[in-house]
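Here chain A shows up in two complexes: once beside chain B, once beside chain C.
== the complex of A and B ==
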């Protein structure tokens, strides 16, 4: 096993373990920090497949943006020391059965299908290619989803401000 | 592609991560932890896109751009979701799913 394979499986183990801790931890702030590690492991895997721009986006938007947003909202709405109550045992068992069923079904399909990997034809995911594709309107260009996403982000920003804005105090405010 | 790592192993990892997210989404009661589970699921889907793109269709970068757009949508979704949580907390002093039922009846 080569060095890159070892690093890959290490990142994969980090991702799986911290994802599991993030969904099972009884302390909510710890769950957010475990999520940060899981997302960081994902960024490492993006680095390993040579998608540097995607890895940078993952680190800045997910690890830098969303996790900080989640941590802020946790600080605003929860007591740090408070432990969350566990779900009922029957619920945990039923959900575990559903999850394991899904895993078994997916793994059955994945392991029975023969994938034929293709060698890279030399197109690098560098900034020039990415910029030309993102703003390209010919074949293989993504300018329409790019513009739609920009409108969506503006709408989400205004919507978030309107929803979170404090209503005008009525008398006792 | 990563040398000596078959695509099957990569897909097994993303499958596990996705169903960990499903498990968290169904067992958690706090809305923020449910959002964390959704982020884990989205992240697993992103990884899946990247692996298929990188192993089976190298050079086309389709999965790469899908992942970028999914990350942008996830950011918008998290912003709106957290605005809703804060508004909800201001109104009912809780972000528990079982107490968020004022619009139900």
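== the complex of A and C ==
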């Protein structure tokens, strides 16, 4: 077993163990931290296959953005002594069956798929290529979806501000 | 003395001598361990030197002498402090979440290590040279706030929690300004790779070549990175007069030392980043066209240039800390969202226009 295999299995083990812990932990902040580790493991795998851009995006958006947001909201709403209720037995069994079904389905597809080794390694995804594709308006460019998503995000942001902003109480001067 | 100017020979010869004796997988593992050890030693040295420097600089600004008793000029003071911290009892609150409480200092330390790994220290002396260098650094350094938030919450102390929430709001806001001010220079370089950014400054540093927008970006970077590392005048997260010690109130002994060390390491990291992007990193002071002058400057090895520039920015940050009074939380957020961010966005537009017209050197 080579060095890369050892590193791969370490990351895989980290991801599996911490994803499992994230859904079974009864303390909500610990669950968020386990989720952080699972996402970090995914980023590690991306780094391993030399897909640096996606790895950095994974770290910025998921680990640095979403998990921090989750932790922040937990800090504002919950107390250190609170514990989540244990789920009912039938709920646990049901979700376990659904989860196992997903695992079996994925394994079935992966093991039955015949992977054809490719002679060329494909396009090297460096920053320039990604940037030119993302903002390209010629064939194979993504500028339209990129702009549409920006408008959608802007709308969501304005909506959030409108919902969150309360009118000033009247009569207080 | 050739190796002092170009570390490629040194790293190559280490790699080759290892390759002769071991097989490839083992070589990679040994090199990982060597690089890790080198960074740990650097970390420890930085802690020792910077803590001493901070105390001496603060004494200088307050017209005191600072530590003078342990060793000549008090140089062994930090070493004595380390021994004291090692012998202290690690205390944990009864109701604290022990797992998260113990985890938090390590998260901060690990993010500091991961960021430092991508910095170019001298020619050929860089552990990770991605083509997404700057993006990687901003991605990894955004994880550090998790450690602060966890430390504050798991301590089960209201001062810690308030400190953590303040610091969370602060770091998340100021991250934007740091990223955008670096982006202003990326427009000029056209690359995020740190080694390419350094090479592009061979005929002058970007702060000189980029005119006024580069200077504005540098000033914004200094302010925002001081805030991002939770240093004064933005040290609201620890504000000793109101919050005892903020998020690390309940920590003692080595775990406290980790927070302390990480703060200084982060200061070094942002200074190194600023030096690399704005002041040419390890590139000596060159002026395009002046061959003789450039050759004279090349006699000073790059690693001294790098550490010289970093010390200059660190000195600026210490100067801020001991000169300005602490801001209030609303002033802090106003400064970021109403002043720095709009100025920064306008600055990027101006810079893009300059680059489009070719009005830079």
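The rule is simple: the second predicted complex is superposed on the first by the 160 of 173 C-alpha atoms of A that agree within 3 Å, B and C clash if a C-alpha of one lies under 4 Å from a C-alpha of the other, contacts with A are read in each partner's own complex, and residues count from 1 in each chain.
Methods note: contacts are C-beta pairs under 8 Å (C-beta built on N, C-alpha and C of every residue); 3 or more make two chains touch, one makes a residue touch a chain.
Keep in mind that this is a model prediction, so the values were computed, not measured.
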{"item": "Partner, of chain C and chain B, that touches more residues belonging to chain A", "value": "B"}
{"item": "First (chain B), second (chain C), both or neither touched by A:164", "value": "first"}
{"item": "Chain B versus chain C as contact partner of A:28, first or second or both or neither", "value": "first"}
{"item": "Partner chain(s) touched by A:76 [first = chain B, second = chain C, both, neither]", "value": "both"}
{"item": "First, second, both or neither for A:38, with chain B first and chain C second", "value": "first"}
{"item": "First, second, both or neither for A:2, with chain B first and chain C second", "value": "both"}
{"item": "Chain B versus chain C as contact partner of A:84, first or second or both or neither", "value": "first"}
{"item": "Chain B versus chain C as contact partner of A:126, first or second or both or neither", "value": "second"}
{"item": "Doubly contacted chain A residues - partners chain C and chain B", "value": "2, 4, 57, 65, 72, 74, 76"}
{"item": "Footprint of chain C on chain A - complex, ascending", "value": "2-4, 27, 29-30, 33, 36, 52-53, 55-57, 59-60, 63-65, 67-68, 71-72, 74-76, 80-81, 126-127"}
{"item": "Residues of chain B touching chain A in the complex", "value": "1-8, 11-13, 15-17, 19-24, 26-30, 32-33, 35-37, 39-40, 43, 46-47, 50-51, 54-61, 64-65, 67-69, 71-80, 82-87, 89-90, 95"}
{"item": "Partner chain A, residues of chain C touching it in the complex", "value": "24-26, 28-29, 95-97, 99-100, 103, 130-132, 135-136, 138-140, 142-143, 145-146, 149-150, 152-154, 156, 161, 164-165, 168, 172, 191-193"}
{"item": "For the chain A and chain B complex, residues of the former touching the latter", "value": "1-2, 4-5, 8-9, 12, 15-16, 19-20, 22-24, 28, 31-32, 35, 38-39, 42, 45-46, 48-49, 51, 54, 57-58, 61-62, 65-66, 69-70, 72-74, 76-78, 84-85, 87, 91-92, 95-96, 98-100, 102-103, 106-107, 110-111, 115-123, 125, 129-130, 133-134, 140, 142, 145, 149, 152-153, 155-157, 159-161, 163-164, 166"}
